[in-house]
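Look at the two complexes coming up: chain A is in both, with chain B in one and chain C in the other.
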Partner chain A sequence: MKHIPTLVKRELSAYFFGPMAFLILLAFQAIAWMNFYDLLDRLVRNPSTLSGVLDPLNFYISRSITFWIALMVAIPALTMRLLAEEKRSGTIETLLTVPVTETEVVVSKWIAGVAMYFALLLPFAVYLPFLYYQGNYHYDVGPLYSLTIGMTTLGMMFVAIGLFFSALTKNQIVAAIWTFATMFLLIFLAEAGYNFAVAKGSAWADVMQFLSIFYQVYTFGLGQLDLRFLAVHLSICAFMLFLTIKLVQWRRAG
Partner chain B sequence: MIEVEQLSKRFGDVRAVRNLSFSVGRGEIVGFLGPNGAGKTTTMRMLTTYLTPTSGRASISGHDVLDDPLAVRKKVGYLPENVPLYPEMRVREYLSYRAKLKDVPRSKRRSAIDYVLTRCGLIDFDRRILGQLSKGYRQRVGLAESLVHDPDLLILDEPTAGLDPIQVREVRSLIRELGERHTILLSTHIMSEVEAVCGRVILIAAGRIVIDDRLDRIQTESAIVIQVRGPEPAVRRAIESARGVRRVTLMSEEGGVAAFEVHTDGERDIREDLAARIIQNGWALRQIDVRRSSLEERFVRAVSEASVVPDNAEIEAA
Partner chain C sequence: MTQFFEWMGQPEVIVLGLGTALFLALFWVVRGSPIGQATAPEPGDAPPTGYRDRLVAVAVLGFVVILAGAFVATRYGILWSIVPFVAGFGMVLRVQQVSRKYRHVSQTLRRTIEFSNTALTCTLVGGILIVGNIFAFRYGGKALDFTHDEAFTLSTLSVNAAKALERPLVFTLILGRDQGTARQRDRVRQLVDLYKAQNPEKITIKELIAFNPSQSAELDSLVKRIPDLAVSRGDVVVLEYGEDNAIERGVVPVFDLFRQQTDAGRRESEPQSSTAFSGEDKITSAIVRFREGKRTQIGFVSGHGEPPLDLLEPREMGLGLLKSRLASLGTDAVALNLLTEDVPASVALVVVVGPRTKLQDQEVARLKSFLERGGPMLVVMNGEVKTGLEDLLALHNVAFEPGLIFDAKSNVGYRADQVVTPPLSTNDHPIGQTLIGQRFFVPRSSPIKIVGSTTPKPNEPRPRVNPAIVNYPLIRTSPESWAETNLDRPSFEKGIDPVGPFLVGVTASDRSEVEAGGKLKPRMVVISSPLVALNPTLQTDPMNLDLLLNSIQWLRGKQETLGVAPKVHTAIRFTADPNLRAKLHLVPTVISVVLILGFGIITYLARRA
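Presenting the complex of A and B:
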C-alpha cells in the first residue's frame, strides 16, 4: 500500500494536464452559482410560500435537476479515463511490471476520482456561509452534516462504478456511456419507477423509493442519516472495487 | 538468472508459445530472435509477470513468476515494445515517478536518475515533455526507465525498432556496455543486431525454440558444396560413408553432374578426404568448396522448417 501516494499524485496531475477537469470544475462552479442565485431570489420574494426553501440544502442540491444532470455527465467524464486510457496507450504494461500490486493501482485511481468528486462539490459548500452570516438567514446547520456524509458515500459509490466500467474496455467513450447509463438508472429510472408504483398502488413502491438516489439525498438533506443508505453505498462501492481489482488481475491470464 | 521450463501460453485457440525451455546465466546477453508473431513478446511478457503462463514454469533469480511476481518485478528492468509513456509528463518527472514505484530509496533516487540520464544521453533533455520527444528519444527514456532501479536482468523488447541508423548504433553500444553489469535478454528480428550485440541466440518460430546456441558456434557452422560428374545415388553413398558427415542434400542434377551440400560435424576439414573418395571411384570432381552459412540463412531455413512441420502435426493431432 506504500505506493498509493505516488500513484494518486500522478492520477491527480494527469487530470489537470487536459482541459477536461477544468471544464467540469467550471461547469459545477457555474451551476452552484446559478442555484444559489435562484435560492436567494426565492428567499427575497417570499420565503413562506415555498415550503422547501426553508431548507436551503434540499433546494440547492437534491431537488436541483441541473445538479443531477451535471453530475451524471461529470462522473463518467472523470472516471472513463482512469483505466481505459492506460489500456489503450499500453502504459498499463509498464504499471503492472513494477513492484506494485493491482489493488494499489485500482485503489489509487479510485481515491483520485473521489478527490475530484469532492472538488466538484466544494463550490456548493462555499456559498452557504455567506447565506448564514452575510445574509443573516439562520437555517438549520444540522442537515449539512448528514448531507455531507451522504453525498460522500454516494460519490464513492459512483466513482467505483465508473472505475469498474473503465476497467472493462479500452475505449473511454464506451466506459463513459456505461457509467452514464448506470447512473441514469439509479437516479432517474428509480424515481420514475417509484412514481409509477405509487400510481399503481403497488407494494413495490417502498422498494423503489429505497433505491432512488433522489429520495436518499432528499432524506440526507432533511437531516435524516439513514444508515441503511450508507451501507448500500459503501457495499456497492467495495464490491465494484473488488470486481475492478479482479478484472485487472484476470487480464494477466490473457 | 532465468529458468524456463515447458512454458506455454494459449490465447483462446491460438497457442502463442509452446513448451519453451531454456535458461540464461548471469552476465549473458541473449538475443531472442524470431519472425513477427513467433511468440517473442508473449514470452517476455510472461517473464516480466505481465501475463501468466498457461502451463509450465519460469523463474527469475529463483523467484517464480506465478508465485512471487512482486519479487520478480524488483529484479527485472523491462522495456516494452513501442515504449508506452505518459505523454504529459516530463523526462525527469517520469523517471522520478517510476523510481518511486520501483522502491528506489529516497536517498539514492536523485543520483540514480542522474546516472541513467547520463548513461542514456538524456541529461540535457530532462525537462522535455515525453509526448513531444522523437521516437529515438522515447526509446532512450524507456531504456533509462528500465535501468533506474539497477536491476539484475534487463528484458528489452525490440529496443532498436523504429530508430535511425545512428540511433541504432548508439543503442547497440549502450546495450553492449550494459551487458558488462547486467544480464540482458533482448528480442529482435534484425539479424545484424544479434550479430553486433549478443553472445547467444535463441531462435523461436511458431512458438517453439528452433535454435539455441552460442553465436560464434552458429557462425562457424559450415557446409561443403561439391559437384561431381557421376551416378547420383552412388556418389551420395560414397560421400555419406565418409567420417564426420552428418547430412547430405542433393542441390541439383543436370547432364550427369550432381551437386550436393554436405553438412559435417565441423570438427575438422574433410574436403581432402571427400576429394580422394571421388577420384578413387573414377568420377570427375568439378567443384569442392566450403560455404559458411550466415545467421540469416540459418534463420530463414529454421523458420521455414518450423513453420511448415509443426502446423501439419498440429492438424493431424487435432
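Presenting the complex of A and C:
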C-alpha cells in the first residue's frame, strides 16, 4: 500500500491538469450560490413553520433538486475516465507492469475520486459559516454534522460504483451512462417507487423508502443519522471496490 | 396436490433447489463440460478423469455449503451455521491443497484452484459485509439524533411504553383529509417511526390516503370499526392495540399535536416563532391507557353554576375539551351531585371547577368525608366567591388572599386581568418537571397563600397549620403583576395593591401517608383561576391542558404517566438589511470563484512553463 500516495497524486494531477475539474467546480459554485440565494429568501419570510421537518435549511442541500441533478452529472463525469481512459489509451498496461498491485491502483483511483467529490461539496459549505457568524443567524449546527457524515459515505459509495463501471468498459461514455443510470435509480426512481408503493398500500413501501437515497439524505439533513444507511453505503462501496479489483486482476491475468 | 405445493414453497426446499442448480452450473463451469459429457483430454501426468471430477465436485460443493451456512445463520442462528461453515471452508481448502501439486499438468485442476481462491475471497468479503450489516441493523436501528432540541429522541416513558407492548399495535395514519395539516405529516410519520424503531416486532405502521380510491374500502372498514373517526376532522393517527376480537382503539387528531406557542408575552415583531409538538405525549398517553386497560372515573362537582362537562365547542364556556382529553387517557369524567349522593367508590378523584354559589354543608361534609377516606381533590377556583370550601382548603394549609391578579405586561389581548405566567424556569415537583419553559394562562386568578409559610404580623393571631401537610408552590405570576383590590377601578395603586409575584398554583401532600419509594401521598392541587380549564382558555393556551392533566395524574398516583414535555421547534426569521444580504451573497461567492480561477490559471501557467 506504500504506492498509494504517489498514485493518488498522479490521479489528482490528471484531474486538475485539464479544464474539466475547474469547469465542474465553477458549475457547482453557481448552483451553491443559487441555492443560498433561495435559502436567504426563505429565511427572511415570516416564520410560520410548524416543525423542524420544514426548516428552510433543509432545502439548501437535501431537498434541492438542482443539487441532486448536478451530482448525478458530476460523479459520472469524474469517475468515467478513471480506468476506461487508461484502457482506451493503453496506459493501463504500463501501469500494471510497474511493481504496484491491482488493489493499490484501484484504491488510489477511488481515493482521488472521493477527494474530488469533496471538492465539489466545498462551494456549498462555504456559505454557511458566513450566515452563522456574519449574518448572526444561529441555526442548529447538529444536522450539518449528520449531513456531512451521510454525504461522505454516500460519495464514497457513488465513486466506487462509478469506478466499477469505468473498469468494465473502454468507452468512457458507456461508463458514465451506467453510473448515471445507477444513481438515477437510487436517487429518484427509488423515491418514485416509494410514493407509488404508498399510494398502492404495498408492503414494499418500507423497502423502497430504505433504498431511496433522496430519503436517506433528507433524514441526514434533519439531524437523524441512521447507522443502517451508513452500513449499506460502506458495504456497497467495499463490494464495488472488491469487484473492481477482481476485474483488473482478471484482465491482468489475461 | 395443495400439500405438495405448500411443501415446495417452504424456504428450505427453495434453498435446496437453488443450491442444487448452483452446484450443477458451477460444476459445469469449473469442470469444463456438464455431467454426463466427457471432458477435454489432459496430459498423461494429470490425474485420472474420475479423480479430477471428484475434486471439482468437492470444491463446488464446499462453496455451495458455505452459502447454505449463510442461510442457516439468518434462519436458525449463528450457532447452527458453524457446522456448514466449517465443512464448506474445509472442503474448499482441502481441494486447493490437494490440487496444487497438479496445477502445471491439469488445466481443470488449475481452474479449480482459481475457483477456490475466488470463492474463498468472495465469501470472506461477503461474510465481513454481512456481519457488519447485521450488527448495523440489529444495534443501529435507532437513528442517532444530532438535533439541538433532541427532536428525534423519545422520552424514557415512551421508550418503556413501546418496549413493554405485549400485543401488536398498529398505527394507521389517515392523511389527505385536510390540507391545513399537510405540512405536519412528515413530523407525524417520523414520530410513529421512532416508536416502531423501539419495538419493530409489535408495532406496524400503515398509511391511508383519504382521496385514494384504491384505499377507500379499507378506510370505510376502519370508520365502521371506529365510529369516532367519522366525526373527527382533518388527518388523524389511529391506534389499534390487540388482536382478533380484543382490540382497543384510539384516535389522535393531527391538528391537536401541534400548537403555536401562545402569543401572550410575545409580540409579532419578534423574529422567531416557536411551535410545540406534543405528539409524543398524546401517543404515549394512548399506549399507556391501552396497557392500563381498566377505565377510572373522575367526579366533577356540579350544581353551583360550574361549567358543563358536555360543551365541546371551543368558544363555549364548558369543560368538553378537558373531558375528551381525559377520555383519551382512559378516564371518564362524570358529574357529581353531592346533594343527592355521596362520592361513589368508583370515583378516584374529585374536581371542583369554578362554583358560583356556596356549597351546602351536606355537600362540604361529603367532600370532607371523601378526603378523609384518602381521596384526592383538584380545586380550580378563586377567592371571589365564598364557596364553603375554605375550611377544606385551610385543612391543607391553603387560603386565598383578597383581590384579583392583574398584569399589564404578561397578558393576552392587552387585557390586564387575562394574566399569563412567566415561563416555568425550574420545578422539582413531578407536575412541573415536564412543563419547564411553558407559560400558563390564568385569567381572573386570586393570590394563594400557603398558611404558615410566613411569619404573622405582631397583632395577627397565629394561623392554624396542619403539620401533616406539605405544600409545594407550583406556578407564580410575574413580578410586575399586582392584586387588584378595587375592581371598579382596575389600575395599580402603589401602597394599596399588593405587588407580585403571586402564587396561583399549589400542591398539598400528606406526610403521614408515605407511598412506595418514599413519596408522600398526593392530596390536593389548587389552581386559583376558575377559568383555567374552560374550552376557550385551553384554546388560547393549550399548555393549561397539560398542567391540568399532569395535576390529575399526580393526584391519582400515576406519576409514571405524567405527560411528556412537548418538543419545541423554534423557527428563526433572518433579519438583515439589503447591504448585509448582498455581502452574504457576494463575499463567499467572489472568494470561491477567485480561488477556483486562480488555481486553474496557476496550473495552466505551470504546465505551460
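FYI, the second predicted complex is superposed on the first by the 243 of 254 C-alpha atoms of A that agree within 3 Å, B and C clash if a C-alpha of one lies under 4 Å from a C-alpha of the other, contacts with A are read in each partner's own complex, and residues count from 1 in each chain.
The criterion applied here is as follows: contacts are C-beta pairs under 8 Å (C-beta built on N, C-alpha and C of every residue); 3 or more make two chains touch, one makes a residue touch a chain.
Everything numeric in this text was worked out from a predicted model, so none of it was measured.
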| item | value |
| --- | --- |
| Partners on chain A (chain B, chain C) - clash or fit | fit |
| Angle at chain A between chain B and chain C, C-alpha centres, nearest 10 degrees | 150 |
| Contacts of A:199 with chain B and chain C, given as first, second, both or neither | second |
| Contacts of A:17 with chain B and chain C, given as first, second, both or neither | both |
| First (chain B), second (chain C), both or neither touched by A:225 | second |
| Which superposed partner A:3 touches (first chain B, second chain C, both, neither) | first |
| If touched residues of chain A are counted for chain B and for chain C, the larger one | C |
| Touched partner set for A:97, first chain B, second chain C, both or neither | first |
| Lowest inter-chain C-alpha distance for chain C and chain B in the superposed arrangement, angstrom | 7 |
| Chain B and chain C footprints on chain A, overlapping residues | 17 |
| Contacting residues of chain C [partner chain A, same complex] | 118, 121, 125-126, 128-129, 132-133, 135-137, 139-141, 143-149, 151-152, 183-184, 186-187, 190, 206-209, 212, 214-215, 218, 258, 260, 271-273, 275, 277, 569, 571-576, 580-581, 583-585, 587-589, 591-593, 596-597, 599-600, 603, 607 |
| Residues of chain A defined as touching chain C within the complex | 16-17, 19, 22, 25-26, 29, 33, 36-37, 40, 43-55, 122-123, 126-127, 130-131, 134-135, 137-143, 145-146, 198-201, 205, 219, 222-228, 230-232, 234-235, 238-239, 242, 246 |
| Complex contact set, residues of chain A against chain B | 3, 6-7, 10, 13-14, 17-18, 89-91, 93-101, 252-254 |
| Sites on chain B touched by chain A in the complex | 9-11, 45, 48-52, 54, 70-71, 73-74, 76, 78, 80, 82, 84-88, 97-98, 100-103, 145 |
